[in-house]
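Down below is the structure, laid out as structure tokens.
Going in written order, the chains are labelled A, B and C, and every chain counts its residues from 1.
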Amino acid sequence: MVRQRVVLIADLIGTAVFAIEGATAAIHAGLDLLGVLVLSFTVALGGGVIRDLLIGAAPPNALRDWRYPTLAFVAGLATFLLHAQIEAVPLMFMVTLDAAGLALFAVAGAEKAIEFNISSISAILMGAVTGCGGGVIRDVFRARIPMVLNTDIYASAALLGAAVVVAGRRLGFAPSVAAMAGFLACFAVRILAFLLGWHLPRVSGAL
Amino acid sequence: MVRQRVVLIADLIGTAVFAIEGATAAIHAGLDLLGVLVLSFTVALGGGVIRDLLIGAAPPNALRDWRYPTLAFVAGLATFLLHAQIEAVPLMFMVTLDAAGLALFAVAGAEKAIEFNISSISAILMGAVTGCGGGVIRDVFRARIPMVLNTDIYASAALLGAAVVVAGRRLGFAPSVAAMAGFLACFAVRILAFLLGWHLPRVSGAL
Amino acid sequence: MVRQRVVLIADLIGTAVFAIEGATAAIHAGLDLLGVLVLSFTVALGGGVIRDLLIGAAPPNALRDWRYPTLAFVAGLATFLLHAQIEAVPLMFMVTLDAAGLALFAVAGAEKAIEFNISSISAILMGAVTGCGGGVIRDVFRARIPMVLNTDIYASAALLGAAVVVAGRRLGFAPSVAAMAGFLACFAVRILAFLLGWHLPRVSGAL
């Protein structure tokens, strides 16, 4: 009961953080108020919606539970109105919140996927889709190559966190232990990658 | 029975109008005949397909009922063959037909969503997705920022129409009354926005 | 039993070929290792995933059966490591393998769609979606107009192959005969189109 409430609150905070980021991206792309709200919704809830469609859980949770879209729109509207103030928030603070949101979504995505009829490798993928799917739609809507495909350690951190959850469950650890370990793995790697400038390898000179 | 037939005929007209617009966009983007047919299908039926996937009504109606894809392809082929004549149609005539199609799809989308297990706010969103989703895919396929995100009052009109339908139903009005009111609200706002150059606000100087 | 094994092996070969092509496209777009693996998965399995979502077969087969994503990732990783060698493979060899993969996916897609509650015209569309859907996502992720919409006879060959399968079934031929005829129709048209430079018509001077 207490755990459920903690999970719900964490989920709502993650949703709000991602919605603010989506709204900020929309404002930077010169979109109007509707575009800002659409990207708030998309970045905050798009990953979970894709995951739910893929695992066969339609209608997605974000459409069934009115609190999620409402929160995303309120956060987007607040960002629209208070844009100057939000731009003034220190970058490291936003990166930390974003890493926490990513870790949370990756863990929650893998956990939900485990309950459905899919393979372990797919449950790990669903963790990453939950964490990164919204950002991919954001970039497609801005007609850009999705950032997770060529910058930084981001989706990789989500994959790691989801893999820790799936492995922990398989090895018989309690769900809450597996979840906590997955969260910490994703969060730590993401923050370290940001601070230390880690990147994945690429084939050089192939353009 | 009569009402059902009216709805079906209206639905088919809306499908044909949107298919012609999709085909025209494809021709302008220099696509070949296959690209023209794909965009005819996508613009006409893509919104409804996304809605059906999201509310858990797979396979979507557009794939179950052969009349919809057939009509979209026939309209697309006709546009391909008669492109010069269709370009000569007065803009205001096309805008009026498009506004009617948008209003119709928004109302129909909200109505169908209400029947499924989703929240009121999501039913309103589904109305807008039905009306605008096809155009979003069209723009993604042309590698452009979706027009509805930064131009004009378009998706907003669809949201308004869908909101009127949902509110009307909640307040106990007969479904046909709620549908008619929603249609008129969306249609009127869209036409007025076009004629009077209404736009949504945006954050200035944020680029 | 023997036929099932043949189909499975053919399916896995098609998956590997498409994954190698996806990885190569990602390397050419300058993506990092994660981007290479994502495009390997997407190009190899994206079409089948979209088809399964559309026909109401969620979770898609590619997420249920661990062999498909594993194979796609292994093929992608091998392409990343052996990129220089793969670039040295003669073009005609890759085109032939790709045409075989396309034909196989188009036939398999139409066959699976027939089993679900959709119209014949939609079953044909599902064949093309299975064959070409992965490539469309690849191009959207690279922020380009999907190649199948304006180059060459490619999706058209898939549509033809799928149409042969659907028509063959309708006319009472044995499933294996219909499948073989559909495969040959798609493969032959694709190879001939490549060798002879066939293109679909487009409206000239419409830009």
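In this section, a residue touches a chain if its C-beta (ideal position, glycine included) is under 8 Å from a C-beta of that chain, and two chains touch if they have at least 3 such contacts.
This one's a predicted model, so the numbers in the text were calculated from it and none came from an experiment.
K.L.:
Using direct touches as single steps, what is the fewest number of steps from chain A over to chain C?
P.N.:
1
K.L.:
Between copies chain B and chain C, what's the superposition rotation on C-alpha atoms, in steps of 5 degrees?
P.N.:
120
K.L.:
Are the interface residues of chain A and chain B largely the same numbers on each copy, more than half shared, or largely different?
P.N.:
Both copies, chain A as well as chain B, present different residues to each other, with under half of the numbers appearing on both sides.
K.L.:
If you average the CA atoms of chain A and of chain B, how far apart do the two points sit, in angstrom?
P.N.:
Each chain's C-alpha centroid was found; their separation is 30 Å.
K.L.:
Could you tell me which residues belong to chain B and also touch two or more other chains?
P.N.:
In chain B, the residues touching two or more other chains are 53, 58, 140, 143.
K.L.:
Would you tell me which residues of chain A are touching chain B in their complex?
P.N.:
26-36, 38-39, 41, 49, 53, 58-60, 62-66, 69-70, 80, 83, 140-143
K.L.:
If you look only at chain C, which of its residues touch chain B in the complex?
P.N.:
Residues 53-56, 58, 116-122, 125-126, 136, 140, 143-146, 148-151, 155-156, 199-203, 206-207.
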